[in-house]
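Below, subunit A partners subunit B and then partners subunit C, in two separate complexes.
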Partner chain A sequence: MSLYQGKLLHLILLERFGPIVADVGKALFEFPRSLFHVRKTTGFPLLKVKESLSILIKFNLASFKLNHDGTTATYRLIIDNILLMLRYPKFINLIKMKMEDEAETLVEELLYKGCSTASELIIKTATRLKENKDIGTLLKQLKDKFASLVTAKYFIRLKNANTQEQELFAVPTIDLKQLSSIMNGSDETPADESIYWTLNPDRFHQDLRDQLVVNAVTNKFDENTGELMRIFLQQMYIRTSPWVPVSNLIPVLEVKDIVKKQKTHPQLLAFFDQYVNILEQDGNNIIQKAGEASGGSFQIEMKKIFTQLTWEIMEQLVNEKFDTKASRIFRLVKCRRYIEPEEIQHLVMMPSKEVKRITYQLFEENFVLLNELKRSITNSGPNKSFTLFYIQLTQLVRTTLELSYKTLFNIMTRRHHEKFLNKRIIDKKQRVDTISMGMRVQGASVDQLTDIEEMITPPEAEALAKIGKMMKKLNVAELEIDDTIFLLQMYLAYE
Partner chain B sequence: MSKTKAESGESSASSIENVIVQLAKEKPSGISNDDIRNAIPDTPLEIWTKIINKLLKSGILELFKDQGVLLYKYKDPSKKTEIKGSDNEEKVVYKIIEEAGTKGIWIRDIRVKSNLNMTQLNKVLKSLETKKYIKAVKSVSASKKKVYMLYDLEPDSSVTGGAWYQDQDFESEFVDVLNQQCHRFLEEKRETSIKMGGGPLMARNRSYATASDVHKFISELGISKVQLSVNDIESILYTVVLDNKAERILNSSGEYLYRAIKTFLPTNGIVSTTCGICPIEGRCAENALINPKTCKYITDWLSD
Partner chain C sequence: MSGRSRGRGGRGGAGGTSLNREQLNSIGVVPGENLPGPITEPPPLYPTLNRKPLPLRESVEIDYLLILRRDFIDHMQTSGAYLKMPEDRKGKPQHEIDRLLAQLPNVKEKFDWQLFPAELRPKVVAKRMKLKDVKSSIDIESRLKQLEKLEEKSGEAMDVTVKEEAEQEENEEQLEVNYEDEDIDDGTDYANNYFDNGEAYEDEDDNLDDGPIY
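Up next, the complex of A and B:
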């Protein structure tokens, strides 16, 4: 638990649920507490606290446990799930790329509600999409999409004490007729009442991880090698559970068959063996040959891939924070594992003064560590001890994660602040928009509409455009920092 | 008449002497009897052997034997003349410095070997220096340390640091330029090998280059004012490897092969914002003087 994680959680909850829930969350972040305690720390009325806790629980952002006395409970924050909210846009985007729009809206709605029964969710989504559509077909489509999302494990059933393991991804009964009559105003109870569903982040992470690996391979080699990697990953799931560090064997012929069938990459097919060779022979151990039978089999070295990617992040960080000279030294220490200062100077080809300055900087910010070895024998010769530089990657990842949280917090704080500074003009724009929308509905003339819109003066419009650009930049930055966080979390997960 | 004859004999002897000395000067590795005979074919043997003997005696030539052949080497008269006009201490010190050769010798070591005290030694060194018999050269291995060597010797690369040093200063910019050019060469090679088509393996193998290939390219570019060796280029290429812009592998004959590569990740989130790479991040906090609401770095970044 870190300082900035806590601050960040507060901001996220504030944005999504308002100040009261945010403060309740903050109180729980400090310690798991009982209802009474939360009320005492926050000073809110009991009702408000109860409301906040139930929101947190509904969105799976907090859990509770009955105390020994059997009447009170202790509430605990689920930190990871709160941080996950920053990743929601990516989840939605992912489904959008993989499935059709209906699925995207289903995911959106579920994220919006936290958890829901299938029927409720489908009705909600149908209400949103029903314009220009036949309700019957729409409901059928949504039902199918819901089923595929469950089968593909993007949705997971919320557990209670009696839920069986195999029920977690079993599609519930959804009665289409019933749904359409409910949509027409009847108050029947749907057949799947009390079976609640929520998002399964693990499954989304799996996709994000694979996407990351494929992109990385494409970047380093080329499109064809990237595609090869993608198919290897796809075939990995047949025999391997998703999160093991090294996959089970994948027969290369199987991969080749797929390339042959999909006919999208003729170059990859024509030089299939060569591409496999290139991937295998790369010094980073992405895949490894592990069996000779039937044309050879390969293992995917997930852990090694992520270690490599993490090194690259660190190198970039050193590069940007200091300069290319510093990252050269950093990489040399990495390659040698342990290295004496004198040796560094010789190999990196820099003046000794500069090498000293840079290694000191790196040391000061903990990018490299120092190990002093004492010669045990008492001789009073000149070389009584010598120093070695080395790097502790895992420790570095932890500090970088904290730095990422801080960065995220800073950027979000700035975004709030800019909004606050420009509140007057943003509010005005909103008012004008509401008015003009209302008038449009009432069938106002074009002239009338322009009159209203001209209430925003040109300088104001310019300022608004500037603010919009700024907000967008901040938003994009937030998503990108989360990319870094995701990668570092992956590294730690495999550690 | 007899007088003129004697004169002309003398003058021809001195011109032969000049020819031989000139010849020896041109060939520092030494001249053989055959070389001399070829240079002055119509001078009788006994005449020029007499001259050689005279030159050897006066120390202008030195006699060597290399693989059974007698060689005469020109010896710089300045080295021998120093003995004249110098006292014993100077001769001792001169000898010690001469022995140190192109690597030079530190003053402390001279003192130990010569048994002179510091004041004496300083005086001697000063005098030898003003007479241009010796010189002091700064060593790159430790700043402020000087080594002494004979005046007309070219210092060893371990003293000067080789091609990368200019008067003891490391030539960073020169190294940087070479680093960029080496990378450029490898990158162009990579690109052409992809353009040439064929399978990916072939493209990869074609994109490898040895240090000699790169050396040739750099020499032809003519950007270096000093002569660079293949080893020098090898050192530069290793910096390109350390910059993660190239990889190197050993081929079957134990030679390094270099190849331009790309990285896995494009610019990452944490480095694309200001805070991830902020130099004063440690002093920045929500309610501190330096804070994200008013931070100038973010302001600049936003208006980029």
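Up next, the complex of A and C:
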């Protein structure tokens, strides 16, 4: 809940749902409101406000609480889910890597809809994929994929008042014959009419988290160690629930058996013990030996891993913001926990004036904090008080999150601005494209087509290329900042 | 300024630079050193960057993510979930893109109204659902009657306690009525003493010990 977060949410909604929904979202961000209150604040016609509230609820971006009379309600924005929309491409990509293309399209269609019944979703996907494929087999394939997505808990049933816990991941009955007849235009109501499904972000986050850890290990050591880590994580789920800070014991022999069976990493198998040793003895507490029996068993300390990664990010941040010398001071404060200013000056081996300047800079931007310990009235001896610098990670993480929201907001504002400035030229390109498309359909000759394409002059083409490049850069930055936000949120989740 | 920070723990709030002289001394700011004076102008809107940010990563994966992202946004913008402002009849859309978008059929998003609060339903749907409700409510009433009969048999003991509570409440209500009567019985306003000698002025304990005034 902050100023920039609110502005950011407004922009995210604006891009995806248009100005009306965005303004309604903004009104709800301030505090939960009733329908008429929203209407009054935004000043839109009642019909539009109703529609946008329905859209927000359908996409699971707002929740409502019925009042006592059972018809009116108070609406509340679900902030996390709106920020999640920035992560959708990563969700889709994840499914693409883990499962087949059909599953990817299913996920994509569900995201387009917000929530949907299984039959509706499968029909939608089938109409998209039906080119040169037999509809019967395609439907069967999609049904299986849907079932596996539900069993793997990527999809979750939309909760209503009387949904039981065990129903959340129960595969619904899907009648294939009915589906194909609906696709051929008959007007039946499918068997699972009022059972709605939506995305389960927790499950996706779990996978993204594992990916992050494996990537971190791979970057630090090598491919083989990364693979070892992946198998460790995979084995962790047999005995441990996914979100506990410290896993239960994982016997190392089990991991070795899997490596043996896999046969993909011969080097890992040959030097298995050494690799395990490297992973264990690394200072970052990635895995920890917890028992000697049966060749040893290990624990994975997720919480420690994420604390470590977060520290790493903070050091990087200081490094990029204030340069090496500052990151040296930052690390010193980190490893001493509490340190006096004079001691910093002695230990970092830099001119004291510079040390002072950098420490004040860090202090000003809240990267280090100051704690003053005062002795209460002493009658004898010199009255000495201590002034200590320290770092509070959780607070720093929240500051950084805020900074990330602000950056995202800036990037998006910039993008909108560029689009607005260059609307004329983008517009022209669009027109030329539509014309040439139309001519191609009519079967025009190559010469005619090139004539049309030449309507865009070289300088214009150059400008377009420039805009495209800038847009790409801004979009990539958006994706990357979301990565950072994800890591920081993971840290806060474990905290 | 010094008064605030002397109390506890030096730096109390978010206020960036409210350190007193003592604290400044202790972190090494010597009085003789010429400190920069107060800044009277706002910071520049676009401060110059001291360092150039690192170039962004480039990979096939990121390209694919970008495509996914664009697809998603394009789809949302043409779908029924993208609400447009009510149209201006006078001004024609100036740009080609706007004109193309305006040609698109206005799809309405489909909703299952069972899942939404009743007040959001469009009127047509609301009427239809009300009709259904009336039909089903008959069933509910008969069911309720059945339940009542069951309760009468098993829950007579419960009834007694409920009655007692109800009686208590009635008594309390009567008491309140009595209090109100007192004020009225006093007759005119002149009987009350409204003189304030000022002793109770800014007295924090005022009214707290006496309990509520009736």
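By our rule, the second predicted complex is superposed on the first by the 483 of 495 C-alpha atoms of A that agree within 3 Å, B and C clash if a C-alpha of one lies under 4 Å from a C-alpha of the other, contacts with A are read in each partner's own complex, and residues count from 1 in each chain.
Just so it is clear, a contact is a pair of C-beta atoms (placed from the backbone, for glycine too) under 8 Å apart; a residue touches a chain by one contact, two chains touch by 3 or more.
Computed from a predicted structure; not experimentally measured.
Contacts of A:489 after superposition: neither subunit B nor subunit C is touched. In the superposition on chain A, A:57 makes contact with subunit C only, while subunit B stays out of contact range.
In the superposed pair of complexes, A:42 makes contact with neither subunit B nor subunit C. Touch criterion met: A:328 reaches subunit B, while subunit C stays clear of it. In the superposed pair of complexes, A:426 makes contact with subunit C only, with no contact to subunit B. In the superposed model, A:317 makes contact with subunit B only, not with subunit C. Contacts of A:473 after superposition on the shared chain: both subunit B and subunit C are touched. When the two complexes are overlaid on their common chain A, residue A:436 makes contact with neither subunit B nor subunit C.
Common to the subunit B and subunit C contact sets on subunit A are residues 320, 352, 473, 477, 479-480.
Contact residues on subunit B toward subunit A in their complex (touch as defined above): 164, 169-170, 172, 175, 179, 199-202, 204, 235-236, 238-239, 242-244, 247, 261-273, 275-277, 279, 281, 284, 286, 292-293, 295, 298, 302.
Touching subunit C in their complex are the following residues of subunit A: 15-21, 35, 45, 47-48, 50-55, 57-59, 64, 66, 70-73, 88-90, 92-93, 108, 111-112, 114, 158, 160, 194, 196, 320, 323, 341-342, 345, 352, 356, 359-360, 364, 369-372, 385, 387, 423-424, 426-428, 430-431, 434, 472-473, 475-477, 479-480. Those residues of subunit A that touch subunit B in the complex are listed here as 7, 216-217, 219-222, 224-225, 270-271, 274-275, 277-278, 283, 308-309, 312-313, 315-317, 319-321, 324, 327-328, 331-332, 335, 347-352, 354, 400, 403-404, 406-407, 409-411, 413-414, 417, 470, 473-474, 477, 479-485, 487.
Put simply, subunit C touches subunit A in their complex at residues 9-11, 16-17, 19, 23, 26-29, 51, 53-54, 56-58, 61-62, 64-66, 68-73, 75-77, 79, 81-86, 95-97, 100, 109, 111-112, 114-120, 122.
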